[in-house]
Amino acid sequence: MSETVDLGFPSLKLVPKTDVKQSAKDFKTDQEVRWCPGCGDYAILAGVQSFMPELGLAKENIVWISGIGCSSRFPYYMNTYGMHSIHGRAPAIASGLAMTRPDLSVWVVTGDGDALSIGGNHLIHALRRNVNLKILLFNNRIYGLTKGQYSPTSETGKVTKSTPMGSLDHPFNPVSLAIGAEASFVARTIDSDRKHLTETLRAAALHEGTALVEIYQNCNIFNDGAWDPLKDADHRDSLTLRLEHGKPITLVDGSRGVVRGADGHLDIVDVESVGIENVLVHDAHRDDPSLAFALSRLSDSHTLANTPIGVFRDVRRAVYDETFQAQVATAKAGGTADLQSLLSGSDTWEIA
Amino acid sequence: MSETVDLGFPSLKLVPKTDVKQSAKDFKTDQEVRWCPGCGDYAILAGVQSFMPELGLAKENIVWISGIGCSSRFPYYMNTYGMHSIHGRAPAIASGLAMTRPDLSVWVVTGDGDALSIGGNHLIHALRRNVNLKILLFNNRIYGLTKGQYSPTSETGKVTKSTPMGSLDHPFNPVSLAIGAEASFVARTIDSDRKHLTETLRAAALHEGTALVEIYQNCNIFNDGAWDPLKDADHRDSLTLRLEHGKPITLVDGSRGVVRGADGHLDIVDVESVGIENVLVHDAHRDDPSLAFALSRLSDSHTLANTPIGVFRDVRRAVYDETFQAQVATAKAGGTADLQSLLSGSDTWEIA
Amino acid sequence: MSKQVVQLNRVIIRFAGDSGDGMQLAGDQFTSRTASFGNDLSTLPDFPAEIRAPAGTIPGVSAFQLHFADHDITTAGDTPNVLVAMNPAALKANIKDLPRGADIIVNTDEFTSRNLTKVGYAASPLEDGSLESYAVHPIPLTSMTVEALKAFDITKKEAERAKNMFALGLLSWLYHRPTEGTLTFLKQKFAKKPEILAANIAAFEAGWSYGETTEDFSVQYEVKPAPMAPGRYRNISGNLALAYGLIAASQRAQLPLYLGSYPITPASDILHELSKHKKFGVMTFQAEDEIAGIGAALGASYGGMLGVTTTSGPGVALKSETIGLAVALELPLVIVDVQRGGPSTGLPTKTEQADLLQAMFGRNGEAPVPIVAPRSPADCFDAALEAVRIATTYRTPVFLLSDGYVANGSEPWRIPVVDELPDLAVEFASAPNHTREDGTEEFWPFKRDPETLARPWAVPGTKGLEHRIGGIEKADGTGNISYDADNHDKMVRLRQAKIDGITVPDLEVEDPDGDASVLVLGWGSTYGPINASCQMARRDGAKVAQAHLRHLNPFPANTGEVLRRYDKVVIPEMNLGQLALLVRGRYLVDAIPYNQVRGLPFKAEELAGVIKDVVASV
Amino acid sequence: MSKQVVQLNRVIIRFAGDSGDGMQLAGDQFTSRTASFGNDLSTLPDFPAEIRAPAGTIPGVSAFQLHFADHDITTAGDTPNVLVAMNPAALKANIKDLPRGADIIVNTDEFTSRNLTKVGYAASPLEDGSLESYAVHPIPLTSMTVEALKAFDITKKEAERAKNMFALGLLSWLYHRPTEGTLTFLKQKFAKKPEILAANIAAFEAGWSYGETTEDFSVQYEVKPAPMAPGRYRNISGNLALAYGLIAASQRAQLPLYLGSYPITPASDILHELSKHKKFGVMTFQAEDEIAGIGAALGASYGGMLGVTTTSGPGVALKSETIGLAVALELPLVIVDVQRGGPSTGLPTKTEQADLLQAMFGRNGEAPVPIVAPRSPADCFDAALEAVRIATTYRTPVFLLSDGYVANGSEPWRIPVVDELPDLAVEFASAPNHTREDGTEEFWPFKRDPETLARPWAVPGTKGLEHRIGGIEKADGTGNISYDADNHDKMVRLRQAKIDGITVPDLEVEDPDGDASVLVLGWGSTYGPINASCQMARRDGAKVAQAHLRHLNPFPANTGEVLRRYDKVVIPEMNLGQLALLVRGRYLVDAIPYNQVRGLPFKAEELAGVIKDVVASV
């Protein structure tokens, strides 16, 4: 694993550094991993475990908090502090921890049901507050742990145990939702693409504030192949749009790219016909989230054509835990805290 | 009140029509209105009561459902069916009613705390599902009923009882949030502008599916003047952007208008300098919500400069209650429902 | 070769293997055949919370137990006569439950040293003599299955997967089970995969033949059909019976059924089942969470549907506030709680009875809710009808308190004749119910029926009855908001009186000799084990009576009187004494709680011991 | 003109007017002066749920009652000696509580025919003789105030608003109250509005002078200071005392206080208060809902903070699931429930004790939580310290069960000396606590302290103690996930034993003559009324003892023994008998519940009657 000092991770500036060399193995626990063989969660776990040393943090200052779902078993397998909480509430619990303990690096693992169904409210509020949390949303478009009901990201018409005639709900686009909820950082990556996963985790870790990373994850038992078009070697490069700050936004195979149409909306056209210099250049740091939002709308929820992968948005704005702690510090600096005089107040009388 | 037959209200096609001529008075109840004198809720109530006859519906087929908050007292004052439920849950309760009773016109009244704080999750899910509900969100940027704590729409830095040193949260923009949550109809209007309020209610009523109407409302007790810049005659016309489908988007006074900048994002410029023909024309019916989203970002949360008012987005997509009822109808058409044979199943034996 | 046939009264079989070994399926099939053969039976599936827990580990073991007999039985049995152990973990996890002499069929292919170490066996129990008090049948199930299927055009993995069918075939032979149903089932299941179908059938037949040919099995057993009341029967699980009960109630009430639910183990199957029956007008809505689920159901009830919500304990906790609203609104609503091990996430796939007090009291303020609990899988059907009767008659939310054991267990069910089911017809309000002093008529949403104390159910769309309801205290009668002190006191008492006044059948006592001095009182799924244990205790001379509460709120009117008839009352519960607290507090009877919180039903024999001790102490 | 001065032992004053009339403020000021004058006192604010309910209506009446005396008192009093009625609604709403001969000061300006009709007075009660058994003082309060302020540069509306100061001035004169504090208060309040300040002072003085000059008042009253234990005193309300108690506990425990909360009446003021004290390291977080509020608090507790959440009944319902998680995680957490009228939204601004059973049982599974309840406003301070002691010592969520009466009422409080407060120091785990067979050391998050059964609190950031916790059942000791049946049973019992084993002080009995045959048992805010009623009953010769439970779970060890000492036990509660159920169920004592659910505290006299009846029946 590469040196860690360079990156600096401003978001983790208050977290103690490790003084030993770490490897992925240091982040493994002795607990048996209880996912189905072949589950995409394994790849994500391995990716995270090998990325962790890069942070260079004291292991004991890292905390993983999850809700409930297959994905939410994650903390048991990370040899750091961890809490497997209750369904949907991890962002709230993690917020309380992160706000009060700036010396910790707090990570949340959640699923498409956990984060977007029961936990939707906590998620959008964490995003707008911009608490220093890194939220990994494992999206398999299904409820895994409860054995396969459709989820808020399932495509309309999905036949599941609870929807034998097909689901009716229009799915959320987690990236659009997050941007609408004032997110300062939103990215998307894929379980099977280790390199991209690592890059994305790094970008999230570097971000100051809440970072939401949507990870397309395969549930091979209840929704096998949900993301196959983006994975199989024959199609993926012609379906996936790579978002890289400062680079033109094109499909991985370079054939088609994103341009701004006459009426302002984004089109996907043949790169050759317009010239690469006319392809929209990605700007993840724009204050105005409208471009990021527009990019999030390019993909087709059924065919997955034109699915952007990478960092949609990454901007710096006030971080909740910082301002939260700053108010306490200001108050403390403003005078001594004398409990006795607080209790007494100003209006007292004496009985002899 | 004008004739009603013309409008047709496709969203209400299954709701029985009235055969008597109604007036605002028909929608008043005998209950004393319990808002503070001067509260913006009065104006909205009056506006709604005088709009109602336009729908031409049988009064008994209209239902108002609310959560908890000052605004949520609304149903008590509407002489229709109504339920004052619990904090944040009105969209869920109303969804159950609307889904099962296509013959009803179901309206939800909620506040910025009720809808966006405790009720955020139900709101975003109602929007993505597109249940045939009209949701009026009274936004006074404060918790009124609990006596003045900041709300999810309060500007950052707001000093309230719970935030003596100023609030830290970055506010939600309800329109952006709704669009991120896949809303098919989003509009904004102001309590004091009766004409615009009525127009907006009409547009919402015409919409098939969930319509979210954000109404800027003054709480003269705990957040007096929150929207004053958009109300007082001296400033409002130079701060408010009027959104009207098919018309160029300009400030009400016409001085400045919205144009698409070179890098694609929206700018507000002197109309004279660019010419009115170059000002962006509003298109509320675009499938792609990106323009509506970009428009929602134009206003400044503190100064209220460039606040768009009107219908941001109004598109037709599958309406949940329709598809919901259609599945039931299809199933019913597909065979007779024989309870006895259901109970028996296929694997039985007889004991003589 | 025709073998000796031994007649047995009853048999307990436990299938155990990895989560992926198909034990639940094998168990289900054996059960279905046993049912249609006419035995009485009772089943107990027991599986881990993970979808596929780690292979070969003890926590990963998935088991299915079946008890069948030529007479009336009420439990899935304590100690298996036969254990099918697909791997060392399955053996280790289950051996302690086996009586000496029990048959153990082991899949020797899995007894590799790696698998043995994984579960902490130093040496193979098949070889170290530790199993000598059992009748061990070591069979290379996997390889024999693969061998039998080598002619088929399927992968090795697919072939290996059919080993559960081999085991099922063997067991079916051993207990003389009919085979046709299993074949029909396989044909349906693999209709679209003919090769796999053929392979599974072949595996099943190979297992059957193996039994017939191997010398390892010298006898074949037979369990005669049990005498049952005449009628048509089927086998049914609790969740299925509960779903059918709700559908039947909806039909009998002529109210469309609307389910608002959020998936949670072990309740999800009710959602799954109900969502299949749209043709009965059943509407199901998978909501964003439990709160929305019950909210939508309440909204539907308000609109005149039969609103239902299904969940388990953690979901009930989330629904509490809305249940309180339903109490205040006085609208019908059925809340199904399929209890599981707690607290918190607890043991999601295990059973427990620890939500009784949550159901009674888990809301702010005085908010009484009736509670009905089924006693067995088939009884879920009747209990559902009863819950609906109470909800619609009294305009109140009702708890239907099932549990994991009842929900997943199954038993034979005499199929009811639809026309004989209770008539649950409901009347909506259609006209004003109050005359003002000036003679004008008006509608009072909180004017009560003098007998039931129920308020009128006036659904939107009813002309002239427009009114508003809400969670704030309402004036008696008019339903307008009221902060009046006396009115509040009155309304609190009226709501309580309404629930207290619900007519429920008297508590019945089973005391064959009529001279018992000790009463065993239970509720819910403990019925079976308590019944079995009382029978055992009686066989050993103990004078003991049994009574079982279906209604936990209100209690039957004669409850106090019944309890006071006995010197001692024992209350066995799968919690720390919840019914005991209620009964003691209400009737001041020094009831003795006997509690286990093991995620599993009581063992009848153990419970019989407890009962005999109490009887002896009188 | 100097008037006759009459000495009184005690006085009860009730201020009543529209929500906008400033009655709460006038009452508060009168109370503060009375407190610093040295009387014992007790207050009862009573206001509608609306911010400004409709003017002139009965539901819109806002009242403030103060009872003060030259001796120890414990209630805000039953029957006011003086009523200040700012309008006809205030008169009508309160007249029934007045004893004959009571003084009524009415603002005649508001007795217009429109206002009279609004509340259903056919004729003016000031003129129709209906008030002849009272001493009515008709005063045009509004116009006199406006008149007195005509020199000021303020609007008429502003002048009218000062009428509460006129009334306060008059009452202050009537009861010889010091004036300085009121002037200081006004100076602070209107520091930025000098004209308004001057006007308010002028109004106050005008009221005072009016008393002195008018012939309507011929006597002035004096109530001597009450003898109290030596020390420095202040007046304090329950919510404030509770907030201070939490801050003090945080300081004494050296744990930063973290409040995660969502506003709700009547608990919001605790959030407001705590948010002012960041300099004590107090952190407050207004969350998006109750679930997030408790979630964040639990997260903070996990991180080593003193996690607290504050709410009222409907909020508790929402927090239930997370409370269950806290029970499973065994982390300290204080849950403050300021009870209000229920069920559902109920009566948000009124008091009730109907959340006791919710606090006990409102969660799935066996999830015991200790409960502490303050008995009076000042006692909230001590109760908060006690709740924190239990939470941190036993690593458990704890309920602190206040109510609207205690929260908003106030009384004199002897200011504690900080150094004499209990030491609540906590030790975090810092090293491994278990030695493996091979001699290596490791950390077991669920290895318990043998005495308290508490598990170690190992906060993130502690090197070498990395571990994972969660809501699934954990293996005893290691804390690893465990689905084992025996382990679950053991863990359920261990969690229960931990709570049952909490050391709490014995229940004390107050029985001055030591020969009582009847015990009155209470909990929470009923202390004052029960105490007063027992004193009344004793004065009338009834032999009665009083005991009051501060700890509702676990009960003090001697509770059963105490209860059994008496022929009869009466349990008065502002619910339908919740403590009574627990006590009866636990101790099989035939305790007699006496219940009122009126949103208001018991009246001592009424309760004394009940007690005397019971004593007479023995």
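Letters A, B, C and D mark the chains in the order given here, with residues in each chain numbered from 1 onward.
By definition in this document, a residue touches a chain if its C-beta (ideal position, glycine included) is under 8 Å from a C-beta of that chain, and two chains touch if they have at least 3 such contacts.
This one's a predicted model, so the numbers in the text were calculated from it and none came from an experiment.
Note on interfaces A-C and A-D: more C-beta pairs are in contact across A-D. Between the CA-based centres of chain A and chain C the separation comes to 40 Å, rounded to the whole angstrom.
Centre-to-centre spacing of chain C and chain D amounts to 45 Å, using the average Cα coordinate of each chain.
Under the contact definition stated at the top, the residues of chain D that touch 2 or more other chains are 49, 59, 278, 288-289, 314, 321, 324-325, 329, 344-345, 470-472, 481.
Multi-chain contact residues of chain B (touching two or more other chains) are listed as 68, 84, 86, 117-118, 120-121, 125, 152, 165, 324, 327, 330-331.
Shown here, the protein chains touch in all possible pairs.
Taken together, the chain B residues at the contact with chain A in this complex read 117-121, 124-125, 128-130, 152, 156, 165-166, 168-173, 176-182, 260, 263-266, 280, 283, 286, 288-291, 293-294, 297, 317-318, 320, 323-324, 327, 330-331. Of all residues in chain D, only 48-49, 59, 312-314, 316-318, 320-321, 324-325, 327-329, 339, 341-350, 352, 354-355, 357-358, 360-367, 470-473, 481-483, 485-486, 488-489, 492-493, 495-496, 575-576, 580-582, 584-586, 588, 590, 596-600 touch chain C in the complex they form. Taken in their complex, chain A has these residues touching chain C: 32-37, 68, 70, 84, 86-88, 117-118, 120, 143-147, 149-150, 152, 161-165, 167, 221-222.
If you check the complex, the residues on chain C that touch chain B are 32, 35-38, 181, 228-235, 244, 247-248, 251, 256, 258, 260, 277-283, 285, 287-289, 291-292, 295-300, 302-305, 307, 321-322, 324-325, 329, 415-418, 460-472, 480-481. Chain D meets chain B in the complex at residues 49-55, 57, 59-60, 262-265, 268, 271-272, 275-276, 278, 284, 286, 288-290, 314, 344-345.
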